[in-house]
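Okay, so chain A shows up in both of these, paired with chain B first and chain C after.
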Partner chain A sequence: MKKALSLMLALVMVLALAACGGGTQPATTTQQPDSGSASTSTGSGTSTASASASGAFKFGASGPLTGDAAIYGKAVMNAAQIAVDEINAKGGIQIEFNPQDDEADGEKAVNAYNTLMDWGMQVMVGPVTTGSAIAASAVAYNDRTFCLTPSASSTDVTANKDNMFQLCFTDPNQGTGSADYIAANMAGHKIAVIYRNDDAYSQGIRDTFVKEAAAKGLQVVYEGTFTKDTQTDFSVQLGKAQSEGADLLYLPIYYQPASVILQQAKSMNYAPIFFGVDGMDGILTMEGFDTSLAEGVMLLTPFAADADNDMTKAFVAEYQKRYGETPNQFAADGYDVVYVLYNALTASGCTPDMSSAEICEKLIAEIQKTTYNGLTGENMTWSANGEVSKMPTAVVIKDGVYVSA
Partner chain B sequence: MEFLSYLISGISLGSVYAIIALGYTMVYGIAKMLNFAHGDVIMVGGYISFCGMMYLGLNGWVALLLAMAVCTVLGIIVEGLAYRPLRQATSLAVLITAIGVSYLLQNTALLVWGATPKVYQSLIPLTDASGAPNALRLMGGRLSISYMSLLTMAACIIIMVGLTLFTSRSKMGKAMRACSEDKDAARLMGINVNTTISVTFAIGSALAAVAGVLLCSFNPTLMPTTGSMPGIRAFTAAVFGGIGSIPGAFLGGLLIGVIEAMAKAYISTQLANSVVFAVLIVVLLVRPAGLLGKYVPEKV
Partner chain C sequence: MKNLKPHTRRNLITFIGLAVVWIVVTVLRGQGVLGRSASGLLVPICCYVVMALSLNLTVGIMGELSLGHAGFMGIGAFTGIIVSQSLMRAVPSVPLRLIAAMLVGAVFAGIFGFLIGIPVLRLRGDYLAIVTLAFGEIIKELITCLLVGVDEHGLHIIFNYKGLKGVEDLHLSETGQVIIKGAQGATGTQPIATFNAGMILIFLTLFIILNVIYSRTGRAIMAIRDNRIAAESVGIEITRHKMIAFVMSAAMAGAAGALYGLNYSNLVAAKFDFNTSILVLVFVVLGGLGNMRGSIIAAVLLYVLPEALRSMHDYRMLIYAVVLIAVMLATNSPIAQSFFARFRFGRKGGDEE
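Presenting the complex of A and B:
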């Protein structure tokens, strides 16, 4: 009797919580592959890619569809789906696309990778974030699976792994790019840096930035740090930056702590120029975020949605039609990745009945000969160590949208 | 002047820690258990008030009351289902159960609200209609204290004084102190121990809801893990001040907040955490019961 009562109470509690959620279901279900051919994995127990019966290449992808960095993963998968649908509509080579959630967590990324290999993945789009990519790349290297990550920017992702390639620029490149841009356009400013010192991404960009800034004679007056545990209160760091007279705040961090910094700076009446890097991308699409706080924020990104070329215009229009929002840089990266892979597969004469290891060797050779013009840059080329060559450009947020600076 | 503004940001952060620590210390003092799920009740409080404001269109203060009501019920249910059956079990079993409840709450929140951070609207808007910060300006505008900080400090003091009066003056408070000293003797004296402990949890959880709303007003991003780190900080604060002691939790919270802010400002942001915990170790070496642990005649 007592037990039954306990059970009932537990049920009531769960239901009550569920009711509170209302319309805010996590959007994990929107990512199912909707390509016409059903994903029949034919239950083969082996983990090596078996030939696809439907005559289509199997593209697997892993990225955070839930969690702190979900905005990145969703953007990549949404845009990759657009590219896949466009390619399939052309006829000829067909692609099956299977996105998996890794919550930007290394361990889950390895699980996602294994799930995809069981499904029969031949080429991988991703992983989307650096930590996941480092973890999954070790397994992918041993399996000989070709990976092109849209956005994992650390050099550790590609180091000593000939099958890993990046579409985004590397962390050191972002630090250099920021220093170059500030030196060229805002040289007289006093700069403060707030970065997260327990995060390889943030620390990496800051290290190069500070070195390059010193070489270019920029004045860095204050450096403040925080960690994952202390990313809730920045009032002291901001107060210090303000009292040192900094009028440019460089933020090589992700958008979530950046949104806290913007709010706290506002409440302190401190209004320097905020300058972010690609991790700042996504801040405008946070639920409930007051976009007026981000007015005038500058960031470094290879993609501006207002760029005046046909490819960007068509992509932005399609993305807005499907998902109701303006695509960010990660979406553009995801779109480009699918086309780079498609072009390389076509050019190297790969067929859907080849194994993932055979495809991997062909693509490693092919991608180093490739020159690609995409949404995120002209004349992209790849070196043997997996880095892409293209240059970042700066945008500024005006009235809630990116405008070329 | 800068010193004062760092001091104030330390005190307002410390006040939030202190309110959370009061909840820890109440439950520890009376039920003699560490309720590690306390931090997650804070998170639930934050989400409930967020839902109240965003989806039901409630005023911030009404949403706060709603969050307090829901958290109170949640606290009573958790105590009744998870902790009451273990009343006679070893304290380790209860501790592990509390950690389990903490994970249950976090993952339920993950299911219900998803993990994408929600941006919380501060209880007092950041800026007034004309766009100027909502802050008290002193000394010719050189020192500004936001109304949110003032509210937090006031709430902290009111809650501390209220709890002290409640435990020392009211009949229920007397029952709580009796349970704290000796549960079996209290039962023999006709005190309903289970009810008393339930009331303790109800009060602790209502405080957690207040702390959740204040915490989210400072740190506007709300995630299922929002409560866990402040929870640990506040637990540290409760131990620092002497766990089981109400003024101790208050003092511990404030000191941790101020030391953290000062270490960030004058030593190094990189070393701030190390400094806080180094001070904690030194204090515990000198006073193993915490700052006020020994001097409170009856542990509440």
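Presenting the complex of A and C:
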């Protein structure tokens, strides 16, 4: 009896593990309706072979679809899906798209990556957030899987990994970019910085900004910090900044805390120039936010949803039609990533029956020759270290819309 | 087997079951039957099993609710990473470095367990739970302030409590490498954790815990749990025995943390927050308080479940929650209990595993 019981227990545990391996199989079939009706695949392939038998490239993606950062992951996946559907509708190269949830957590990102590899992923879109991207890219580097991340901005994502490329600005780029911009256009101001010191993104930009500001002789009079748990009240930091006489407030933070800062600064009659980076993007579409507060806010961003070109207009219209909201910069990044990959795959003559490692080598060579014009910038090029080169544009908010500064 | 004591027999079965799983999984991996996603789950599963076992010592055997267990895991993880990365040049052998990392992780977590235990273990019940929760959060915040780098002159450590210092303040030489970058966590760690190391750690943990439980100390700890006043009246030192259990529990969590930290090339302190503590507590409660075998099974099943549910897409976490509630209800219902009781002939003896 006891032996039977122990055997049963052992079996349960083994099955639990096996169930997980098997659990990825249905993903192929259930994914089918999502990944565009143009696809002719019928949930093919064994879980280990990376070559696709269906004549379609398998694009995997991972990003936070649940949890705190879900807004970013969903924006990327929604926009990437639009791009995939457009490409599939053209005929020619077909793409199957499989977005997986990684909860913006490195551990889950590796799980999501492994699940996608079982599915037969050939090229990866993502991971969306920095921590996930660093964790998954180490595995992807060993496997030789090509990854183009839409928005993981830390230099650690691409460092020493020739298969990782970024579509967004790196954190140092944004920090030095904004310091250079301020030095060139608003040099005489006293600067205060408020940043979140338990967040890789915010801390990273602040570090490079302060370094470059010192090099350019800018005067940083105050630095205030906050954490995830204290991002609802900034009266102390704002009061300090005001008493130090700062007339330019640099905010390398996301838009939710920034909206609180704008609100509180107004109520204490403190009106410096507010200067944000790409995390500030989205503040105008934030629910319940009085856009008049953002009047005169400057930010560096690669994408403005009301930009006056046909590509942006078509994309924004389609996004609004499908998901009922205005796309943010993350969505635009996701859309561009799919097109950059599509162009590189076409140009390098890759075919869907090639393995992910073969495609990886071809794409690494091809992307460095690519010049791409997309939603998030003109004449984007990539260097061997994985970073994109494109011009950051400063915009200022006037009457609730972005205007070039 | 018949002439063994009931609890010895039951424990032997647990060990044999584990060994069988180990062999079966190794064989399956060797033949490539196990997919990548399943293989990738093996090490984190081992870590969470050890976490569940060690927390069960505090919650199940000692009878005190600890909500800061992830903090000890965090200490183990980051000290383990520092040890492994800084010994990279001196000790090229990967298994040796892994062992060193897990040992140091365990020792540091144990020391912190002792320090935290001094004030905490004088409390009881809800108060103890809340204070451990606070310490867990404090540990997380402290790690967030750490800047650590290594070069040929040794370790450089800055405690960046104002958040105004950066990596360049470490003054590393040309060949130096940054190990922990404050809020950005440990990046560029060489992932050296293996499934075999995880299984060995599980065996060790289980062996130590079971031996303690059936020792004089273990009986004293359980006596305190069951009736504090009676235990005190027969001369059992309450705080000392609680401390033994608490420090052991912390040290094992530290070893699990070191293994966990060395499985990923990127790790942030925010990972070891309240949610992770609760996750492990759920494993323990679901597996049964004081029931080591139950903890192992619950940790495996509940860790695999969200991954196995990936095909459900948006409903994944919803279904996970529903399953959790259903299992909790089912295991507590009298009908289910009487059903399972039929398979429990070995249980007539002592009730503690």
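Throughout what follows, the second predicted complex is superposed on the first by the 316 of 405 C-alpha atoms of A that agree within 3 Å, B and C clash if a C-alpha of one lies under 4 Å from a C-alpha of the other, contacts with A are read in each partner's own complex, and residues count from 1 in each chain.
In this text, contacts are C-beta pairs under 8 Å (C-beta built on N, C-alpha and C of every residue); 3 or more make two chains touch, one makes a residue touch a chain.
Note that this is a predicted model, so its numbers are computed, not measured.
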Is A:Gln256 in contact with chain B, with chain C, with both, or with neither (first, second, both, neither)?
first
Mind working out whether A:Asn197 is in touch with chain B, chain C, both or neither, as first, second, both or neither?
both
Answer with first, second, both or neither: which of chain B and chain C does A:Asp281 touch in the superposed model?
neither
Have a look at where A:Lys240 lands relative to chain B and chain C in the superposition and call it first, second, both or neither.
first
Based on the superposed arrangement, let me know which partner A:Val110 touches: chain B (first), chain C (second), both, or neither?
second
Is A:Glu387 in contact with chain B, with chain C, with both, or with neither (first, second, both, neither)?
neither
By the touch definition at the top of the document, which applies to A:Asp102: first (chain B), second (chain C), both, or neither?
neither
In the overlaid three-chain picture, which partner chain does A:Glu212 touch, first (chain B) or second (chain C), both, or neither?
neither
Based on the superposed arrangement, let me know which partner A:Ala135 touches: chain B (first), chain C (second), both, or neither?
second
Those residues of chain A which chain B touches in one complex and chain C touches in the other:
6, 9-10, 13-14, 16-18, 20-24, 26-27, 66, 197, 225, 227
Mind listing the chain A positions that touch chain B in their complex?
6, 9-10, 13-14, 16-18, 20-28, 66-68, 70-71, 103, 197, 224-227, 229-230, 232-233, 235-237, 239-240, 243, 256, 259-260, 263-264, 266-269, 286-290
Can you tell me which positions in chain C touch chain A when the two form their complex?
1, 9-10, 13-14, 16-17, 20-21, 24-25, 28, 32-42, 44-45, 141, 144, 162-164, 166-168, 181-185, 187-188, 191, 264-268, 270-271, 293, 297, 300-301, 304, 307-311, 313-314, 316-317, 343, 345-346
Chain A contacts chain C in the complex at 1-3, 5-7, 9-10, 12-14, 16-24, 26-27, 30, 47-48, 65-66, 100-101, 105-107, 110-115, 117-118, 131, 134-135, 137-139, 154, 156, 159-160, 197-200, 203-204, 207, 210-211, 223, 225, 227-228
Taking the complex as given, what residues does chain B use to touch chain A?
2, 5-6, 9-10, 13, 44, 47-48, 51, 54-55, 70, 74, 77, 80-81, 108-121, 126-127, 132-135, 144, 146, 148, 215, 218-221, 223, 229-230, 261, 264-265, 269-270, 272-273
